[in-house]
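Have a look at the structure that comes next, please.
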Amino acid sequence: MIEEIKNSNWKLRKGRIIAAKQMTDAEKWFDIKLDDGELDHEPGQFVQVELYGIGEAPISVCSSPTKRGSFELTVRAAGRLTKAMHALDAGDYVGIRGPFGKPFPVRVMVGNDLLFVAGGLGIAPLRSLIHYVMDNRKDFGKVDILLGCRTPHDMLFGSEISTWQKRLDVNFLCTVDRGAPDWHGNVGLITTLIPGVTIQPERTFAVVVGPPIMYKFVIAELLKKNVPERQIVVSLERHMKCGMGKCGHCQIDHPKNYYCCKDGPTFTYDEVKDAKKL
Amino acid sequence: MNYHILKKDELDGFIKKLSNSMKVVAPVAKDAGNFAFQEVSGASEIALKYIPTILPPKKYFMPPREKMLDFDISGPQPVDKAVLDAPELAVFGVHTCDLAGIQCLNMVFSERPRDYNYLRRKEKIFLIGMECGDYCDDHASCALVNSHMPSGGYDLFFTDLGDRFIVHVNTHKAEEIVEEMGLAKAASADMTALEKIREHKRGAFRNEIGVDPRKLPEMFDKGAKSKVWEDVGHRCVACGNCTNVCPTCYCFDMADTINLDMKTGHRDRTWDSCQFETFAAVAGGENFREERADRQRHRYSRKFKFPLDRFYRFFCTGCGRCTRTCMADISLKDTLKTLAKETV
Amino acid sequence: MNNAPITATKPKVAFFDFACCEGCQLQVANLGEPLLDILGAIDVVEFREVMSEKWDKDYDVAIIEGSITDHHAEERIKKIRARSKVLIAYGACAATGGVNGMKNSFQLDEIRQYVYGKDFKFFDSAKTRPIHQVVKVDYFVNGCPIYPPELVEVLKCALRGLPYTVPDNPVCSECKLNENVCMYDKGVACLGPWTKAGCNSWCVNNGNICYGCRGEVKNPAKNAANDVIGKYNLSSDLIQNKFEMYNKCKEGDTNGKK
């Protein structure tokens, strides 16, 4: 009977950190290889990272499944576990459960235009989808990427982003809430970028990931542009503790009482618009 | 129909025989009119008439603290081992409300992805139900959710017929035990006596809030912004008593403990409560159910609305424990009645 | 027992006491087996209760018992803080002010006169403060006395550089899991519904009420006191009076900042 338990969703796979890099003061990036094979995730899913003796935290996978051999996490030092995780480096081991959660609807989005809107750390889960789309670029229509962060200093994946800016098959715009002397780009909230983007709303999927406060304003702008509610996709933040729709922590205040870990974290706006908080 | 008879003066022998092959627990009287399931070695320790115990028998199915994993991080790679403590156990004297509670938990933990820690422990538990002839007290609302009558979920089920119990044998394992103990088959007079008790119950147990249970989910939709939540929110102590004593609450937390050698340790699952301040908070600081009113509404929704969509049944068994234990006198029946007044 | 070998790298730990009954030190001394494990992991360099040696270098961990009740103590704790990498306030007196806080219910001179008589002016005295109202505290172990298993957990956190948060749920949350009969059912007023958990409802498990020694939860249910009083027919100032015993210093809470 122990066999079943060993192989259940509680099983901790051993993940070896093969590379790590401090990205900003608050965020660190990790490249992790599982001892027993591929993670086999889909864009938008998350894993539970276990630091033995400290505990677990849910972290979005920020790399695309099109990347083989290892997967990547971007971790903000926000809680007890994530702060401790910042002390880890290449060679260290973590426990991994997952992948968990409903991915972004990549197959439904095929053949449509895509508008990605990321705020702050929201770029992490969205990056798994952006990379997936870029690696399967011919399957999708026009691609716009809008990125917002507090200051130029907080921008994640800076060098990678500069390559997006150069690509002709994506339109990339970014803005910062507060500028800096060496910043020559846009200054202002991310919502200010949306009116300038040309879209055909009926054939556009808008994928929005950011802090709770961002959703309200970004979604209002998207609705103004007539993007259908079922084509606005969000990824919600909750404290998923088990990843199996049981422990209760991530349940959303919504008439349908979704479990964010199982019914989400990705939802269409249509599904979650009645939630007390996004 | 597989009914047998156990004379009351034979109960002690029954318990003793049972305890030869497994640990036997049963309701035992504690101070101030309280009861608790505890290990017993004979019938004299058992409270045959009791109001629902402080904690429901879920504590045996899903222990308040359960070790899931041992680990060792002394080597270059972490090593871990799944552990399961699932002793052979007989739980005697479980009321129909608590049997319903276990049925609810069974559904939750057998839903995929399955929780084998729960399921394997459950397989080792022999359940013996006990019928309530009348209400235990005013806090119960078992008729509302139709859990005052037995509807499966047990191995054996006892109904008190005065000088004897009539025992319904519901599983093969139970049949073997009954055969081994040599319990006589029930006679037609026994069956008539049982039917008389059921007839009495059909009259004595009446829908306690006077609202068609089919209307309950709708009441929660309409009453999402009801003042009743504000009221219970103002009073709530956020102590988690209501969820800890609930036979169907199953929210949990995971916690690691490291030993003083700083190399070995274990991972535990512990009961948690949606009523605690930080239950729905994330590390970044956002708390998605900061207000007690929201948390209380959430608790009620998880009894009368959400499980209907997911499991096609109420997750309230009407046991009345949450009302009995509430420090601030928040009553489930009163909350539902107030909500019904506003919405039906 | 699997003690790590004693090496020069073991953290230097010192115990200090201020105004207190030293009961928490006694709890440490009485830890039994875990104490030997702890002693395997640390190097105790000062502990007045059990040793006379003094240490003249810095401390990795300073473990402080007792409240700050006079100006001499204030200077002394500041010096200890300056020499310590990590500072743990343990026991109600150090962590929340504890029973020493009852002093703050009186005018200072009034209480000095009561204690020291007519020459009271010669005796230094100040308002009672828990440690964090004077210097920065890294870890708290609440309770009168401390609950030993919690101290062990906090020590492990301190040695690993992990934060420890004192549980902020009411004691009831643990008491219920221990399946104790509620004190209110027995007709006795108990401070469990408003007091921070973390003690595994130690007192109630042993037939006592909760005296609130771990301090009030951050967000107590203000109206609930009346409901509880109403439900159990108790007198209204009963709960408030009980709270004064351990929670008087709460008013001065500024977490080390002036």
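Here the chain labels run A, B and C in written order, and each chain numbers its own residues starting at 1.
In the analysis below, contacts are C-beta pairs under 8 Å (C-beta built on N, C-alpha and C of every residue); 3 or more make two chains touch, one makes a residue touch a chain.
Being a predicted model, the structure only gives us computed values, none of them experimental.
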Co-neighbours of chain A and chain C resolve to B
Distance-maximising chain from chain A - centres being C-alpha averages: C
Just give me the whole-number Å value for how far the CA centre of chain A lies from that of chain C. 43
CA centre of chain A versus CA centre of chain B: separation in Å? 39
Just curious, how far off is chain C from chain B if you go by their C-alpha centres, in Å? 37
Among chain B residues, those touching two or more other chains are 257-258, 262
Tell me, which residues of chain C touch at least two other chains? 160
When you check chain A against every other chain, which residues touch at least two of them? 53-54, 80
Chain C partner, complex, touching residues on chain A are 53-54, 80, 83-84
What does chain B use to touch chain A in their complex? 68-69, 71, 73, 77-78, 80, 82-84, 86, 108-109, 111, 113-117, 120, 221, 224, 250-258, 262, 265, 267, 272, 274, 279-286, 288-289, 294, 298, 301-302, 305-306, 309
Chain B - residues contacting chain C, complex: 30-34, 36, 54-55, 64, 234-241, 244-245, 257-262, 271, 273, 276-278, 292, 325, 327-329
Any idea which chain A residues touch chain B in the complex? 1-2, 4-6, 8-12, 14, 35, 50-57, 76, 78-82, 93, 95, 211-212, 237-239, 241-242, 244-253, 255-257, 276-277
Complex interface listing, chain C residues touching chain A: 160, 162-163
